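What follows is one structure encoded as structure tokens, with my remarks underneath.
As written, the chains take the letters A, B and C, and residue 1 is the first residue of each chain.
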């Protein structure tokens, strides 16, 4: 039997030790009436070879991005992942370990997570972060809950150009709690409409959530937003792309109270959407409102530096229904991978990944501008993705896909008012040839 | 600290180029973005590839994992993680897939979700499953939201959720996140739910009971059918925390025990690794009448084509962006195919067999929390040892010296000086014998050499880090000199 | 010297004139273990009898401290933010938490004296 080491003789021996005559007697506590009598309608078991071919065959029914010239982004990005990263993360000392509750058996994991926390604080400029959340969207939901606890108010403003799926998840999280969630529209340039923001703010508002770069890839007018929020006890929550921080201003410098993000751009596979991991970072005065595990540095019995989980009185295993969150398992391995990624890339590597993405996206943008039939509705200040418009976008996207080009994400599904609009992304992996091929194909379609 | 922090190993100007400039002319960010939105300095370390490989390889070796050590951590089901699962999940056909690709390009991914759901439905008796939740607690939250949505739709604003005193801490925390008040149900002396107390507490305000079965004492809730009746009679629902489903695979279906909503931890029962704390994944299953409340989308099939089904009338919405921790599903699916109906049952048999072997062999030295036979895990009280001066913590730490990961300690709270031991089915009798002998040796030591236990572990990279200091003076990140 | 009185929720209170000094009992601190953090209200805050006054965290537990009496906080022990261990070391002295100006000095609830408190905790355990 796969993965069971006890031999029939050993099983017999143990049964004898237990004073039982059959294995069925192990389950004598279970009422007979509810035991499964008939044979389950399940596969009958396979050899490893058979499993291998069966699952590979299913995999082949996917067409992975190697087959395409892809410009898909919108929250998950195709960045280059150094080979060395997988060799570290695939070490079973990391992936077969449990949560590092026992520091003596887990110094490696604990130090790696402490380093991860340090990296996130360096990137964001924030004082503290945790050992990871599930993903960017649940990080956002937990950030909002934090702001409600901190301010003891009940109203949240969220920009409509925050990732639609993040807003969906947030809505689910607070659905049955007594809070009001209000969406702030974007303006004709695709940016947060600051006039509406001004209008909607009131003294019951706990927090304002913006995304920067926003879902359309645009860089928000932070000084303007900041000037509206100053002098009010309203927390600023910023959703961001961690890679953009290689060039963009640290959120700590513009007064963010809580920063959240999906960590996938830091060396994570796209993996059909998961697992990735969530980043959440804040000011030190709010550390006791942070959800999830936190690693700290301390001393051991001999006075040696040592790491352990800390500030656990916030968590569910101690505070139960009064905990800051119910989160227990997180996405540690993905967070450790991010620490490895940032170590491998270093200052220069990360900077290059960011400016190559930036340059590629702007090259694509400028080439698109020359195509008749293609319009660029929004601001031209963006990081690695932007929105463009073509009549009958669905048709165009299908034609491009036939030529092996995945143009991007059609926005009408999230924003009915943006029909014809497509969000396209370039990472550092795009070559000039990739972009030129896209442009050539698009020209042909636009001019048909 | 055994290894210098990566930040202290940085050497200016060192680094590896992983990618060439894509364009001839690369412009600086100022060219595209106003200066006031740009950052001035990026302080990250500069290291070579070998520096990084050595650093993290050394760190990895400071850990215990299932592959290196016996890991009898109660309630965590630290079974062996088959390597074929890793190979298959890490194929580019799964990892190099964007969730916004059109459905016709991701049929394989949808097939995995569809087929996995079919298997879990048959195993549990639940009608449909969602795979969005990223972890057990996330699954509980989704499940309790479904319960809340169900009662709300029936204009039934029930305000409280009942939870046994032996429950995992995530249960009350998850219920609280849905706005429920939590009421605790005491256990009886034999470690089971007190049905009399339950009866007295279930009323028109009760939304649900959250129950783990087998419970955290490793005992099967024998009166489960009574419990189910008590709740359903008053219109309340029964939630199944599937953290302990391992011993019931192929033995009992939760739906047939009366559960209405449940979650399964793929990273416990179905062998996907814990990854130093995550990623996990939870599948949340519901009975027929609750299908319409599941998060969207589900995966359905029409004429051999899989598609996303968003048309659930009362869906609670999304609880995670995209479709969940997909790679974890691939691993669980491979495991289920490999074991099949007989293998799963064999796994259930063996995990119960192994736990009872430990229970029987140690019951003279340590006090089992219950006189009953256990299921997949056994809880001992070290109260006798504590009287001699050795706490559960001391004993757990001493195990490390023998190359054994400590069991879960001080849980469940209703047992004094608790050690909760879950050997799982994948451990051999030889390993169990070694563990049993070691525990007996340590028990002897509590009589002869207390100091040795109190100072354990002796040979680890660090010894008993000062958690009080860690919490009083939080040092949560590396700081540059002078910062 | 005013007498120290006790509550069922393990606070102590010492009333001198219209000022009540409050802390947690020796029994409470020993149950909690090493205290690592104390969250106190601010001077000027109004507190109500039996409602939450402060939070105490140890490495293995978190506990709420309840106001034994209604009134206004006149002073907090600000030393505790840097030295939470004072509560462990000297719960009735350096570990005091807040001083409350009592709302209605004529209407002081009934507290336990030391002997009845000791009785009470013996029964409780």
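Heads up, the rule we're going with is that contacts are C-beta pairs under 8 Å (C-beta built on N, C-alpha and C of every residue); 3 or more make two chains touch, one makes a residue touch a chain.
Since this is a predicted model, take the numbers as computed values, not measurements.
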Farthest from chain C in C-alpha centre terms, which chain would that be?
A
Comparing each chain's Cα average against the average over all protein Cα atoms, the nearest is chain B
Approximately how many whole Å separate the CA-defined centres of chain A and chain C?
44
How many angstrom lie between the CA centroids of chain A and chain B, rounded to a whole number?
20
Based only on mean CA positions, could you tell me how far chain B sits from chain C in angstrom?
38
Give the residues of chain A that touch two or more other chains, as numbers and ranges in rising order.
312-313, 318-319, 322
Multi-chain touching residues of chain B, meaning two or more other chains, are 467, 471
Could you list which residues of chain C touch at least two other chains?
36-37, 57, 59-60
Residues of chain C defined as touching chain A within the complex:
36-37, 39, 57-62
Can you tell me which positions in chain B touch chain C when the two form their complex?
410, 467-468, 471-472
Residues of chain A that touch chain C when the two form their complex:
288, 312-314, 318-319, 322
